[in-house]
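Note sheet for the following structure.
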């Protein structure tokens, strides 16, 4: 278990401010945040490359705040893999084995290296030097080198960002395999939401040196704590409104003159913000039978082709008293073609009360 | 590149025109050195027996041997103390760092005679360092240590500066990873940082060694004797003229050139 | 304005100022003078005085050991308009006939022992005990290289002359010979002394420091690295050093003792490259000046020589503790007409 308490660190243009985290044993934990948020600095501080200005880091209950990195047994993998360029693949993987106190015989080490290479299917690269390997191969070697020392924790700094999509998919599976096979606690830093969504047991969102929200992927992507987080996780529909009434946990929120949204919420009154993910909005040409509580008349303003998906900008009905409601929906290309949607069309936008996330504000 | 082979020659040249321009500019410098040294050799070729005499003269050989070995000693000392300093400067930011770097570079700017006089003041019998050493029975002035001291002073910036740049090019993240793999800081330095910076360090050591051999003015003041090659050349020139001094110069340059080329070759093979 | 701007402006100002200083001398005619190191201070003043009389002339001066100064002309083939050396006999020996054919004596000097207040036994030394004091184990002294500095071989004449003057046959052995390895030979033959300088001229131990020129010895003396150094009286005075005057019989200053001085000889004990001549014979110190045949601007050179020999020039030399003598020339028929008014006497030896 990793515990980080009230951690502060200033380093060059980065800063960590009051970081508090608890990462459970065997968990796949992703730290998600935009570039420059201080994610790498946090990871490096956990690894012991930096001593924090204040606060503490505990591993399995032991305070390791000032313990040097070589005595923490934490594996570390950088985005650019940081293989030792003057050592071949075998020597890279063996490097950590030679550090262990009760230094095993060279044969034992070689055997262990062989096992790891087999497990990662890189045995054929044993005598190659890093400069001659592809990005994916290099990252596998980096993984192999890190797990060779049987770490209890593996810290990964954007391990997939420099790879092409296919290799990313492959290595994502490889990382899951590492976690499952060895029960290693994985802490993975990324700016890529899909990566976080796919890999994480839990996610912490980090912005400007602070942890903004910690939760399951479900919570992070559907229940952001504020507008900034909502924006970051791609919730484009943010509406302001006032709760008029709440019946059995369903709040009626007036977001515009005469426009009311139903949402699952505990709020009984007062000003709120309403978040709706674009992919939760269903478009149709006619109102059919539906369990969805919210139906709005809208007009298609713009259609953006985004490969398999189409992003649709919608204008709400005109109202004399307030500005028009604008929504964004994501639909598949197929739906778009079936419905024959084009700009200017009037459609119904439907979404469920459970798809609406409400926060104070 | 194969597709280029069908192109007219001028087209190929056009593509390379920046390289061609730079080559000609660069050749000016190469020619500058080559003509100067070549002329020295050419003049010497007219007096080949003089060269043979010099090459078989024990006085000359001893002076050259002194220069080469003392320069080696100076480089080893610069290495022993300069590599740690270079690593520190490459890795750490601190108040007054530029002052330290400035101090290291002073020997590059200071006139060599001034350096020689200053060194003499410190290392002579009543000097700040010379006096305590003398109590231990170590004499610096007009002795081998004096030559080394003068050479070290004039040549150390070459090693420290080059090694520092070499260390800077080693990604600190490699060191981080090595330590996360359980290697102590010391082992990390030995097995990761130092081997990766070694080509630069070697380069610095070669420069420093070459600079040490050529040092004249500072050695002249602090240790005129035992006579090292530049002093002997000066002495021969002033006593007997060019005819006496040139063969020694040619011999010294030739020996150093061979050593330089061998070292560079070794360096390239490693890289 | 931030720090970076200030730094950049300072650098620009430095460059502009340097350029302004350099360009001041542009367009003037140049007069190149090379001379013995012991003349540095007086010739510095001569340079300024000459330039103020000739505002269109830029005098470039360069000081070296006397033999080295001649080498610059005869071996490196550099061109100078005037050369002045501390031993006038070097000019005929090394420059005639190709590079010069006349030489004017214009100044003299005196060998002394230079020291400072910090020198060991500074309070005790005098002209009758100096050789004992120099011999003491805690005394170090220096002299310049006899192979190419006039002051150096003159030192090796003073010491044998002292043996004869003080009637003590061990002075050379104690002070010089035994401090070299192998010992420096002194051949005594029928009242003459010949010091043989070997090719490997290297002091043993740290009693003696040999340097290229007497001016370098002054740095050693200043720091206290050596206690005493043989040198010229003018140099000691110019540098504000204390000095011990030696008896006229041995200090190579007085033409009266010509016959005493020429009992001392210094020879280079090896025959290779002996274009200088291997033997130096003791004689009074005379400085010589000439205009080399390959001077780029011989007329200006002669004008400078004329200035040095003029009343004003001689006064400047004397003001700088450089004793002068009435100008004399060795070849009266070769001397250019411009110098005839100041140089009337021909040397008779």
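Each chain carries a letter (A, B and C) given by its place in the written order, and its residues are counted from 1.
Definition applied: a residue touches a chain if its C-beta (ideal position, glycine included) is under 8 Å from a C-beta of that chain, and two chains touch if they have at least 3 such contacts.
Keep in mind the model is a prediction, meaning the values are calculated, not measured.
> Quick one: which chain's Cα centre is the longest way from chain A's?
Farthest from chain A by mean C-alpha position: C.
> Determine the chain that sits nearest the middle of the structure, using the mean of its CA atoms as its centre.
B
> So using the touch definition from the top, which pair is joined by more C-beta contacts, A-B or B-C?
B-C
> Between chain A and chain C, what's the gap in Å when you average each chain's C-alpha atoms?
85
> Let me have the rounded angstrom distance from the C-alpha centre of chain A over to the C-alpha centre of chain B, please.
Averaging C-alpha atoms per chain gives centres 54 Å apart.
> Counting in whole Å, what is the centre-to-centre distance of chain B and chain C, each centre being its mean C-alpha position?
Roughly 35 Å, centre to centre.
> Any idea which chain B residues touch chain C in the complex?
53, 59, 117, 120-121, 124-127, 139, 141-143, 220-221, 224-227, 234-244
> Touching residues of chain C toward chain B in the complex: what are they?
65, 67-68, 71, 74-76, 140, 145, 147-148, 199-200, 202-203, 206, 209-212, 216, 219-220, 223-225, 268, 272-276
> Where on chain B is chain A touching in the complex?
171, 173-174, 176-185, 187, 191-192, 195-196
> Quick one: in the complex, what on chain A touches chain B?
Its residues touching chain B are 44, 47-49, 68-76, 78, 80, 82, 84-86, 95-96, 98-100, 145-146, 148-149, 155.
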